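Here subunit A shows up in two complexes: once beside subunit B, once beside subunit C.
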Partner chain A sequence: MASLQQAVLDLKNLDLLANGNSPIHRLDARAKVLVSFVFIICVVSCDRYEVAALFPFCVFPVVMISLSDLPPLFIIRKIALICPFVLAVGILNPVFDREILMQLGPLGISGGWMSFASILIRSTLTVGTACILVGVTGFTAVCQALERLGVPQIFAVQLLFLYRYIFVLTEESDRASRSRALRSCGKSGKGIRSFGSLTGHLLLRTWQRAERIHIAMLSRGFRGEFRSPKTSRFGTPDLVFVLGWTVYFAIIRSFDIPRSIGALLTGGGL
Partner chain B sequence: MHMADALLSPTVGVALWGASAGTIAYCSQKVSTEMDSGKVPLMGVLGAFIFAAQMINFTIPVTGSSGHLGGGLILTILLGPYAAFLTIASVLVVQALFFADGGLLALGCNIFNLGFFPAFIAYPLIYKKIIGREPTSAKITAASIVAAVIGLQMGAFGVVLETVFSGISALPFLTFVAMMQPIHLAIGIVEGVVTAAVVSFVYKARPEIIQSTLELSPMGSHPMRNILLAFLVMAMLMGGFVSRFASKNPDGLEWSITKVTGKVGMKGPEQGLHATLTALQEKIALLPDYSFRKNSELRKEESKPEAAQPFQKTEAKKTEDQKNLAGTSVAGLVGGTMTLGIAFLIGFALKRRRLPQRIVLS
Partner chain C sequence: MSHHIVEVKNLSHIYPDGTAALFDVSFRITHGESVAIIGANGAGKSTLLLHLNGCLSATSGEIRIGDTRLTAGTLPDIRRTVGMVFQDPDDQLFMPTVFEDVAFGPCNLGLSGMDVEQRVSDALERVGAAHLREKPPYHLSGGEKKRVAIATVLSMMPDILVMDEPTSGLDPFARRQLIGLMRDFQHTRIITSHDLDMVYEVCDRTIILKRGMVAADGSTGDLFENGELLKECQLERPLSLQGCPECAARIRSCGTAKC
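For the complex of A and B:
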């Protein structure tokens, strides 16, 4: 996975975005987590052939990006990286589903292409939302929000630990991997044998590091929880944010607004 | 292979969220009561290790492509099932949030596919059975490969079931199975070999790590019962879902709303807002050429003799329905494009307004 280095770099950048200061950044993390979940549930609950009805949902990521000053290109690039899995499975829809659902002049569009388009839009929206959530909140705050929303403490602590050490360990393994690549001068030496002992050594060092960390933490009074210096309150703006978006999602989910607008313009049936 | 939000219906997504959340809660409770606190940083750092280990590639002899370490099985071998499940879940959360692997709704599915099967099926029922009481290098190799292959096959089958039950993808069940299982057989063998290589190395260097996990988490006397209970709850949720699948309703949310309210769907009524809009649209229509001649169609139907066969009538109705569907689809497309335009205009407007502030700041 060569792109993992890039991904870890992206991860750092994404988390750095959370240091911004905007009305969205200042909201309580719980509000943003909740709204993101409602959004995703609403998006994926649409019918499989829905394309146009998904468009009003774009308002949410667009508004979030512009209000919080996130770099749109960065988010778009993250979305473009979405696992080829979606494409691989989605591209077969037009093959299996050839029933014509829509007629655009001489061009008949089959249900397969409609559902394929729908799948692409869905994944753009849902993946984009996950990126935006981290970009405007920060991973630490998301974890704390999850814990305050009822996620078991040990799991929240686990997430924070994991996040903290990803950077340390990926840098270490990157160094190890690069020096092996330099020494192997091409193909030989990159086989499973050297991989086993290289990774095994990394694992043993990791293990020892974990023991040292644990002792250090115990001596500083660790009792199984991370204490946060600032705890934000769930205030009126947060409530407005949650209720406002939830109402908007409910409306666009229950009424097909694009179709109404389109019907208004084309004079077709509602 | 990660399940993706886009292929998932909310019913399936929420059902597996429930199952995974239940298992996480159970494992959390198990880890915090039964294990020493030294496990906590170990779990975190080993989770990070999985990311780190994925940066080290190796060449696969025959194909020339490169592989890397998978996650689930090696964590279970090192940590035992409960702590490993939590660690795998946390790795997947980070992947869902940062690496856009899968998605937030699919997280439940992914935790279940990639965590539950290796930790609670492949490890206790296959790996431990093969290893027995006294591990040897050969046994470790055999056990790792077999357990990895079977764990991954079950995970891949989980992806297939979740996708097919969701009904978003048009892939037929058998085609999907024929596509997924062989690919994952290959991936499983590679993962097994890699896991075996690393575990054998650790066993040679520090046998007590492998040994202590084998002894430390002897699946208790009745933990499987609790896991099965969680499974049962999930099965009931899934059962509710399957019934909606059979009834061919368009989607799970509407289905559940129908169940709750007793009304079909939440589409607007024929009067009120919709009627007003219908009246209005006749006057405002900018692109009347696109309209489908619903009225003439209706008239044609009326002009038919009274004795028209019911079959003919339904045929006529069918074509009319199709025309209407096509008509609304075009309308949907036009309206959708406009909505999209409006969405981005909103974005630009908000951005424009904030720009001066940003210049002042920088």
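For the complex of A and C:
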């Protein structure tokens, strides 16, 4: 349960970072969501053996972190959390794909290692960007931006509720699980049976809470439509931010700049 | 016409599973009154409260708020008039920030822009929570959550405030603050609670429920003097009326509190 608590605490901390007041923080949430979306699409659409062409993409997270004063170590730790999953996805590539694609002096590098490295870099870039987006915008503002960008309200509201009640639910499950552990005297506590019952109770309690929240909403005049009191303006800095980065991503996605520089330095053909 | 009057006539409620929760409950609460509804667990307090703004519909009997009878057609107006503060503030605070939560009601009333802003600022100011407006609800303490939950209702400018267990789970300081706040309200107030000391301080009138029926309805002071009635309804005299146990023991042993 300690890791669950830690994860929730990290989520709170990430959201607190969004209270900053840097030029990036001040941009409209929609601009940041759009740029992050374009970035992620460009990165994941690269060829599976592509490694060098991904490096120019690193400029974006680096610039965002430095301009917004986010703590880089905190973001790196968040990215490290997903490493086990990435390893699980890519670790068999070097075993199955042994065709040598690149010669590094005497060392031949197989396609498997190349695609493994590519998966690692791409996941680092995309997950890092998602963390940075939440860190400079706040999860709530991201959801509201999604809604204003045309995502159906029901999805945006689901995300908002999920985020609001994840803290309440983890506390509830934490209490239930602790009381089970305390009465299990260090043993398995009737194993999966008691665990199943505990999970069932949590589900029922969640159901009851949902009913109470719905009553509270109805009591305050809710009639099926969320009306946000906040309005924000998509100004010139936001437009410049979106256009600038989109053009940059389009260029580095269309032209393999590291290869061009390499060719230029070694005198080889493009 | 006054919206501040609550009239409940022969109200009965039977839950779909057959549990009869209220029988023939009748009372009339007038403008500016502060009324406590107390009773043992399962006496029907929460069920009664949920009827007052139409969250539950009566099996028989009727409810009138002012001159308006509570029906499906009059619900929107009744819900603006009767502000309900729930026991668990986590059920009431569902929006991402305090500001948006307090603005939720006014926005649903069709207000926008500066009107909403004004209502939110006034309501938060009223409960002393203006400094919390940009905070997410999960970063608030229990007392802060409770005060913000009250602000979410005040921003709709209700005529009647209904509060379910307002002081439960609060530390003595937050409880004292909340009692001060409730005493200051000019609204018609209906409060359910097991905190009888708070009831004694805040409410002039008390209705005692016993197994879904009204067991007594009268002045709080009078009812709390009636030990027999309280015992019958599984209640106890508030601690503030029980006298000092040490002095009582001394009086018993040597006839004076000073020996």
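Everything below uses one rule, namely that the second predicted complex is superposed on the first by the 257 of 270 C-alpha atoms of A that agree within 3 Å, B and C clash if a C-alpha of one lies under 4 Å from a C-alpha of the other, contacts with A are read in each partner's own complex, and residues count from 1 in each chain.
Going forward, a contact is a pair of C-beta atoms (placed from the backbone, for glycine too) under 8 Å apart; a residue touches a chain by one contact, two chains touch by 3 or more.
Not measured: the values here are computed from a predicted model.
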Please tell me, clash or fit, for subunit B and subunit C sharing subunit A in the overlay.
fit
Which partner does A:221 contact after superposing on A: first (subunit B), second (subunit C), both, neither?
second
Could you say whether A:164 touches subunit B, subunit C, both of them, or neither, answering first, second, both or neither?
both
Subunit A residues touched by each partner, larger count belonging to subunit B or subunit C
B
Partner chain(s) touched by A:155 [first = subunit B, second = subunit C, both, neither]:
first
Between subunit B and subunit C, whom does A:140 touch in the aligned arrangement: first, second, both, or neither?
second
For A:209, is the partner it touches subunit B (first), subunit C (second), both, or none of the two (neither)?
both
Could you tell me how near the closest CA atoms of subunit B and subunit C get once both structures are overlaid on the shared chain, in Å?
9
Where subunit B and subunit C land on the same part of subunit A: residues 160-161, 163-165, 168, 209, 213, 217-218, 222
Note: in the complex, subunit A contacts subunit C through residues 12, 15, 19, 140, 143, 160-161, 163-165, 167-168, 209, 212-213, 215-223, 227-230
Spell out the residues on subunit C that touch subunit A in their complex, using ranges where they run on.
50, 53, 55, 76, 79-80, 83-84, 86, 88, 90-92, 94-97, 99-100, 103-109, 112, 116-117, 120, 134, 136-139, 152-153, 156
In the complex with subunit A, residue positions of subunit B that touch it:
1-2, 4-10, 13-14, 24-25, 28-29, 31-32, 37-38, 40-49, 51-59, 61, 66, 68-69, 78, 86-87, 89-91, 93-94, 96-105, 163, 167-172, 175-176, 193-194, 197-198, 200-202, 205-206, 209, 250-254, 266-268, 274, 277-278, 280-282, 284-288, 290-292, 294, 324-340, 342-344, 346-348, 350-351, 354, 358
